[in-house]
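Below you'll find the structure I mean.
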Amino acid sequence: MEANDQIFFGCTLSDTNTCATWDLIKEDDFRCNKLVIKQILLDADAKNDEYNVVEVMSSRDLVKIPIAVLKAGEQRMAIPDLEFYESNVTFSLIRGSGPVHMCGHIVREYVDIMYVSKDGHQTHKYPRLS
Amino acid sequence: MEANDQIFFGCTLSDTNTCATWDLIKEDDFRCNKLVIKQILLDADAKNDEYNVVEVMSSRDLVKIPIAVLKAGEQRMAIPDLEFYESNVTFSLIRGSGPVHMCGHIVREYVDIMYVSKDGHQTHKYPRLS
Amino acid sequence: MEANDQIFFGCTLSDTNTCATWDLIKEDDFRCNKLVIKQILLDADAKNDEYNVVEVMSSRDLVKIPIAVLKAGEQRMAIPDLEFYESNVTFSLIRGSGPVHMCGHIVREYVDIMYVSKDGHQTHKYPRLS
Amino acid sequence: MEANDQIFFGCTLSDTNTCATWDLIKEDDFRCNKLVIKQILLDADAKNDEYNVVEVMSSRDLVKIPIAVLKAGEQRMAIPDLEFYESNVTFSLIRGSGPVHMCGHIVREYVDIMYVSKDGHQTHKYPRLS
Amino acid sequence: MEANDQIFFGCTLSDTNTCATWDLIKEDDFRCNKLVIKQILLDADAKNDEYNVVEVMSSRDLVKIPIAVLKAGEQRMAIPDLEFYESNVTFSLIRGSGPVHMCGHIVREYVDIMYVSKDGHQTHKYPRLS
């Protein structure tokens, strides 16, 4: 059995606010945290003919790589659908002045571990409502 | 065990109807409400060379951010696939005159919590058919 | 336990065949019918510089809204991924002469409701194979 | 309980190889076969200003319809995400000389039917490991 | 019951690093490894008017096929959402000098096989926490 929680997140990167960080390191043994990037959108006021590049750095995955290259008149948005799982994640606008709007979800999942003992009784790691 | 219900929703934002609000605050302990935005589409009659910007404000998530930048001849539609979960959500056309057509789903999920008592009997929070 | 069935559907709208209707009203208490629109595609023989607009009308959801605006040379296809659930749904080509090809899936889901009686016996709404 | 298997498939249609067929007719009562088309991609060597049209014909679904219209410089790829379920499916390049690269997945799903007899013993249609 | 693990992966192909290989051959009977390619992105510094073609070769699936054709000013990114399951997979930049950034997920799934013996005791292939 699972119980999930999900929040919408959004953040804006620009030349005055080039970075955003999320800490998704799991907090106990049975909780998992996941960040899902659904859309990266260049603002209507972005400069013409300027590339805007968003890079991600994920500590657990040892990765640092561009995930969006946007330019007014050529590519207005990206829909990468990328997931970062139990990591510390930083998004940086490494080129261009934006604004670039990122949005997606943070999902917290509580996994209930059920044990079946030899006499058939069930016990649960998480407290059950009664 | 789960029982879900899903409805299709659509709404049109324009200069005479710039806002639309959905209340997804959960109504009791075991019901969750979710709004999914699948597509934001600029109408065939939208003005040329005008940016149309749709912004979302979500009370529970403390977020206010653009989710679509559309312009005839450049970007006709967005498919953000964004979810808003148990919140009060307002979409506003903050720039341009539209019309902009939004559509997606509202999902209601009924989670049946099953209790296993010490003598092995199962009881359920929700009434069972018999 | 669930048993699903899924069929692929496709239909073509044009100036000689402007409408298509699907009846997804559920037929008994435990069957749900869902129509999923995956792609709306403008034909290679569509006229240049003509907008083609597909509108959906869904009886259960009380909605009538455009879901695709296509034009040769500007926007060849849409991938809305929209679902219509237990409704009567009509798609109409309200502008342009097409042809416009729609495709997706119709999913029928049979949900087996399991009852647990007080003496622990399980009975099922749907007949089980034996 | 389910056990799945999935393979990646890819095929190339061109003027010398205009058709590809997959037989997904289910082979026994409890096995389902599904073909998922994720991407249809026009080759870098495709001719300029030539439409390339891929049509699908599915025997079980009684459907014959275009699923991609591609043209160098206008529309390089489609991502239809279409599923064909327990059918005989043929993809044909009905216009243009390609090459057009199709790829996706073939999913085989083994559904284990569990019976619960009146004395509470479980038996399974599929052999269990022991 | 399932326990999953997922990592984000990213790699960059260019004229000095044209290949990347992942070994997803399953390591024991009950573990499955899957690589999911979510996005293939042409760098902001890619040359104008040069096609960049990424090809995949998958040993288990006996497939070798292009999965992305990118060109600055025409097609900046692909979102193929392709999965490679328990195979040895090589991505190669077979045309163009890139850089091309690939990213997605590697999913490891541990399937717990539960046996029900004739006296009703359950045993598990994987060790259970106690």
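All chains are identified by letter, namely A, B, C, D and E, in their written order; residue positions are counted from 1 within each chain.
Methods note: a contact is a pair of C-beta atoms (placed from the backbone, for glycine too) under 8 Å apart; a residue touches a chain by one contact, two chains touch by 3 or more.
From a predicted model like this one, the values you see are computed outputs, not experimental measurements.
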item	value
Chain E and chain D - chains in contact with each	none
Set of chains whose contacts include both chain E and chain C	D
Minimal step count in the chain contact network, chain B to chain E	2
Degree value of the rotation bringing chain B onto chain D, based on Cα positions, nearest 5	145
Chain centre separation in whole Å, for chain D relative to chain C (CA means)	19
Centroid distance [mean C-alpha coordinates] between chain C and chain A, Å	31
Shared-contact residues (touching 2 or more other chains) in chain C	79, 81
Arrangement of touching chains [line / ring / star / complete / other]	ring
Chain A to chain B touching residues, read off their complex	1, 3, 5-12, 38-39, 41-44, 73, 76-77, 79, 81, 101, 103-105, 120-122, 128-130
Touch list for chain B against partner chain A, complex	34, 51, 53, 56, 58, 60-61, 63-69, 74-75, 78-85, 87, 95, 111, 113-118, 120, 125
